[in-house]
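Common to both upcoming complexes is chain A, partnered first by chain B, then by chain C.
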Partner chain A sequence: MEVRVSMEPLFLAWSSCRRRRFQRCADICSQLLSESPCDQAAWSLKTRALTEMVYIDEVEVDQEGIADMMLDESSIAQVARPGTSLRLPGTSQGSAPTPAVRPMTQSGRPITGFVRPSTLSGRPETMEQAIRTPRTARPVTSASGRFVRLGTASMLTNPDGPFINLSRLNLAKYAKRPNLSKTLFEYIFHLENDVKNALDLAALATEQAQFKDWWWKVQLGKCYYRLGLHREAEKQFRSALTHQEFVDTYLYLAKVYQRLDQPITALNVFKQGLDHFPAEVTLLTGIARIHEEMNNMTSATEYYKEVLKQDNTHVEAIACIGSNHFYSDQPEIALRFYRRLLQMGVFNCQLYNNLGLCCFYAQQYDMTLSSFERALALVSSDEEQADIWYNLGHIAVGIGDLTLAYQCFKLALAFNNNHGEAYNNLAVLELRKGRIEQAKAFLQTAASLSPHMYEPHFNFAMLSDKVGDLQSSYMAAQKSEDAFPEHVDTQQILKNLRQHFSTL
Partner chain B sequence: MPEVKSMFREVLPKQGQLSVEDVPTMVLCKPKLLPLKSVTLEKLEKMQQDAQEIIKQQELALKEQQPQPPERAE
Partner chain C sequence: MSSVSQELKDTSVASSKWLDAHYDPVANLYTFSSCIALSDLHGDGENKLVVGDLGTGVCNMKLKVYRGTGLLSESTLLDLPTGMVSFLMDLHEPRTPAIAVASGPFIYVYKNLRPYFKFTLPSLEVNPLEQDVWSQAKEDMIDPMTLKEMLEGLRDKAEIPLSVRSLRFLMLEPQEMENFVLLHKEQPIRRQTVITCIGTLKKNMADEDAVSCLVIGTENGDVYILDPEAFTILYKMSLPSTPTLMDVTGQFDVEFRITVACRNGNIYILRRDSPKPKYCIELSSHPVGLVRIGKNVVVGCSHEALHGYTQKGKKLWTAYLPAPVTTMALMDLPTRGFQAVLVGLANCEVHMYRDKNLVSTIKTPDVVTSICFGRYGREDGTLIMTTKGGGLIVKILKRTAVFEDRDSAPGPPIAQSIRLNVPKKTKLYVDQTLRERENAVAMHRAFQMDLSRLRLAAARAYVKALESSLTPMSASLTEPLKMNAVVQGLGPSFKLTLNIQNTAACRPVMNLAISFLYDENLYSMKTAFFKIPLLVPGLNYPIDTFVECLSDKGISDIIKVFVLREGKSAPLLTAHINMPVSEGLALN
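Now for the complex of A and B:
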């Protein structure tokens, strides 16, 4: 007979949880619970394991739904004073790169070197634009589609229904047990995404703790934030800070102010945090991000450099400084930053694409094409592939191979039919071949796809001017001026047209 | 040059700058550095993808269980 010696199951579950094998941990706990349904330790451990599987750092997550953006009531003034709002990025003074050198995102900010969940989509100006902004398969109207989706997904994986049936739970009973309530709260908040129940639990628990436990206050703040009650969230975070200074709390508080569009207050919060936690990397990164969003690239770069002094493997800082160098005409320095990332083990198509571009503009032609080949081998979505072909088109234009360039831009469009930049560049190439009608059509498509770019408007104005359609030229030039007021050539066209019109 | 005598007095402008006429040309959009993704974003996207996979599989399984009920109705 075989004697099987096995570990104590609960200990094994603990050990797997520590080694981040959450599925295994949850399985063992389920077995334990089927044997003794009242095993609190196993229950708590299973909640933890399930939560960890879908856990996302709440500081990072900030996704505004369209409803939030369009029906926003928290703004005080329609037109904010310069340098006090994140929503009017054009209002920063000086040091901002012009769209002539650095491409803009839809929100009118220069493209960044690093995307965080909150930078995914800029704030659209109109409802139409809001709906047209590419969002990957997320419901348009829901306040936070991603959260809902994650919640439903976790339920689908369980054929027997959810692990904990929230509606049958007596929250008051659990709130009295600090050993269970915290894991239960995280489970409800992260896995079920049932913010209302989480809020109830947190409120009961903080009452149990005689309003002295900072942890529960932070959780209350998180719930209020998710529900869009920003002022209440602010109160909770402030109150938590009086009990216990904590980096996370400062980050949450700053996040609230960012959502309320008060970047200056957020900066102050970060600075207060830095007084208590000198040279804390996350706080410094937060400051740098705000400067970046307000278009103040010099300060942003300074803070990112400060971050790198503390943590020289900070991917975000390296990427942002690198892209800043690239767009301020120093591709060879940018190349060094991106190479550093490669040495650190970052290995994805974005990095190879950036390396390829930097190599080309730093005149290291031997590496360029092989970098792009690798980038193409590593793509995971059609949008990425489109962007890489688009950049390859630029390389082709750079070496004068216009046929290749033409094909590259066409390929970019084949992968992403909404690629406004590719349409614009294709139009320029078409015009060189003398196909005016085709060029015109491409420019119009580009202008409707990405009205925030000045290039298609300007090109269309030029083209219409040449063929004598002065009215369309004037209208396009005006749009170009809206997108990029300092553009000299646009001003020139407008001046000429105004002269023409006044002589008529 | 003092030796060369010419009929015309040379004109050397002492003021002003050399100017070249700038012919406005069509503009290309600029090359785009792709932003790197944060760890959180990657995790979010991965979870979303996994969830969609699972939903797809479950829908497929459902379809196999019910082999075209409308045909039977006819």
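Now for the complex of A and C:
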């Protein structure tokens, strides 16, 4: 092979690393290391490149595992006071829209305009619900799950085995060398996902730095957080903040408090952060998210607007404000926001889906269906396709074409067998056709697939009431009341049934 | 058990009409309004509280007497008390009232808190045929099975109902019958009824301290009036149903009126000189409480309403309550000429009604099950309540308390003045409507064209889904099935539950089979094909099977489930199961 003399290889590697060509950087470094195995610069650069390839922002990654949720040691009060907990559904301060207007997630919060790890999954009430996996698998603990998959994925790409053999590493030796230890730590933490070794290294290194290096304290906090030792993590982050004010540290600290279900403290942390870093977008977003999770939509929207003042291309803020407008009966404004997203280059199926719905409800009919057509063309998974057909079903119901609606809902179910809403709507259509048995079966399925929805229970109550099965009707109405206590129609049917039961 | 007394002092005391005299949440008193009375037991001018405590309903039935805040005495009752009254039975000095406790077919009369007399209800006529059958059994002429058949025949046809013994015998399992017959055949058959409610009726004077007769209602629908001294039956009346609540007024020798609420939901009014009810009030739901105020009857019904009726059964008014009624009692304050109805509600409140107007509300720490108002100790206006949790609450009416009568439903409903949160019309909206108005035709055309294309696309996709049976419900008319699959488990073993339901109206489906399609490198299943049983319409059939994940790489795949019909290659329906990542191996 002809070797062309060009740039100094290490410089070239460093340059490609800076240009985010990590694979190339790693390759060059491997070559360098094969020539001189003790080249610390090349070794360090390669670790960095490998880490960057799989790096995920630690602030954003958060997935509560089954073990964390079901075997929660840090929860004190089973019934928290209203407005102090993220876990209790229905702790709204009155500003939140009702589930009749805005659909709920399983945890009893209105759905948000932006999918985040924590918005995906509600808190299951029973172990059975927790281990049932309708859509995405929930990891056993927060230490496994996504991280394991990432770790194993990196192993798969490397057939010769890992670059660094952790079991043979003398951590104490590396801890003494600050130039190597930081990259090594990130490698262990992000690529190998070996939190225990990473913690050991961080502990040794912070000792070497005489407990004065804020960076190591933050890393220690991250390790403790991953291990589920939230109070220790809190201590480390607080200590790091005394050495050095840093936005990231505030974010980590707030994340710890959110995990400990102390949203008010988390908000205070964010506000402290804002004192030092005025108008910092990530901090503002954090505040907005907490307000949103606590069903306080007005405050959340205010903070998202604040975010947009600082960064007018913030996708999450635009999407959340848009969805809030959509659900507060102003689809024309929502349309504006979604169009803005489109102009910014966000080009995906979900956005077109939302645009289509907004156009329909804002009476801009000419653009409605073409948006959905585009969405269908951009589909990347069956679930997305199911959602589009479900929305088309709604449009069809809106224009009164029930045959089309029936087909659309059935298609939604064909693509996603666990679409509880589609089952519910299909049941209503079946009922209109007079097929009571079918409708009953669909409603029961919908209720079992999405126990957080009140609609299937309510519809079942109505249906049973009509066919004269008052006992079933009463039981279903009670379930509906549990899911949505303020629902007037449910109250009405319960009242009627109670009267029916007590009359002679 | 030591009693904890507690003085409740809160800010509302000043504005309240009641003084909190005593509250003992662990008094261990379980009783109803029919078993509670205030009476000057010792003739010392100080009223005691007498309670027939139901205990747990099986044991610990006691007759308890309270003085002030303390328990004065308690004596064990043999059976569950159904009613208790205090009455003056003679004219001897000192005038100490007796206590009559009704339980089962007996009335136990206590004087000076000592057992004094036991009255037993007359036994009822026994069906002669039943007597015959048992005498045959006694002489071993028939075996228990024949006895059972004959008794069943009697039960269905005879006008006189069977005795308790025969009914008990019919409930037994065949192997227990022999012993039962051997044990009981020697004794004669008796038919006994039980007392359901008890009241008192003044004998011949209207005075406060006049001699009273006992009035009892029984399970078989009779009302007896007993002589206070000899305990002989003075008068017997019969009702069409079993009485549950009773109110008595008047004097036996002059004119009296007995208002009885019955188990069939009717209220009957009985009068002197007529052994049958004079008037009948048909209620729309079961009565829970019955109180007479002056000449009117107030009934609390199970559908959360309070009705007022005249003595002749004419309806006067209805008041709707916020919660079901638990108990009712009369509040009578003769010194002030004030009468009201106290209604205990299931939402931990006691409402005071004067006619249909709510005059006062008392909040209680627990649901009240019995209320008694009257003179306790030396205090005239004392309200005594016991709670569901066994607590005892004593409140004293303030002498300054004034109850204002006001109509409870003035003006329009509150909902009228609540403004709806209608979002404002934005400028954007106005602009868009302008656009809509200007380009109406073009927009309509575009929409219609898009709609036709959408219909076509939907129909195509639908036909494709139907042809390859992609939907989780089958479209065929002969086998209307529906399936949904649930995965449970953390891996590497998963449990698949297939919920299959036949949604036909009445036809069962049979000859079905299930097969799975999956990546054999990734998953393994013990049986990837099996038959399913006959599916009865309307029932959900959960079918479990187990899947093993073979990979430790943290990869997952889709498993397809087909429901097949014998002799047909195309599946009836398909379900896709998104398998979760196996955590079990990854964690090790």
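Please note the rule applied: the second predicted complex is superposed on the first by the 488 of 504 C-alpha atoms of A that agree within 3 Å, B and C clash if a C-alpha of one lies under 4 Å from a C-alpha of the other, contacts with A are read in each partner's own complex, and residues count from 1 in each chain.
By definition in this document, a residue touches a chain if its C-beta (ideal position, glycine included) is under 8 Å from a C-beta of that chain, and two chains touch if they have at least 3 such contacts.
Quantities reported herein were computed from a predicted structural model and do not represent experimental measurements.
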item	value
Which superposed partner A:F442 touches (first chain B, second chain C, both, neither)	second
Which of chain B and chain C A:S16 touches, first, second, both or neither	neither
Chain B versus chain C as contact partner of A:N295, first or second or both or neither	neither
Contacts of A:I56 with chain B and chain C, given as first, second, both or neither	first
Partner chain(s) touched by A:Q364 [first = chain B, second = chain C, both, neither]	second
Interface residues of chain A shared between complexes with chain B and chain C	136-137, 149, 152-153, 156
Of all residues in chain B, those that touch chain A in their complex	24, 26-38, 40-41, 43-44, 47-48, 50-52, 54-55, 58
Chain A residues within the chain C interface of the complex	66, 128, 131-140, 144-145, 148-149, 152-153, 156, 328-330, 332-333, 336, 362-366, 368-370, 372-373, 376, 382, 389, 392, 399, 401, 404, 407-408, 410-411, 413-414, 417-418, 435-438, 440-442, 444-445, 448-449, 498-499, 502-504
In the complex, chain A residues that touch chain B	54, 56-57, 60-61, 100-103, 111-117, 119-120, 136-137, 146, 149-150, 152-153, 156-157, 315-316, 319, 323, 326-327, 341, 346, 348-351, 353-354, 357, 361, 384, 387-388, 390-391, 394, 397, 420-422, 424-425, 427-428, 431, 453, 455, 458-459, 462-463, 489, 492-493
Parts of chain C lying in touch with chain A, wherever the complex brings them together	264-265, 283-286, 301-304, 423, 426, 428-429, 432-433, 435-436, 439, 442-444, 446-447, 450-451, 453-455, 457-459, 461-462, 465, 470-473, 480, 482, 484-490, 499, 501, 503-505, 537-538, 540, 552-554, 556, 575-578, 580-581, 583, 586-587
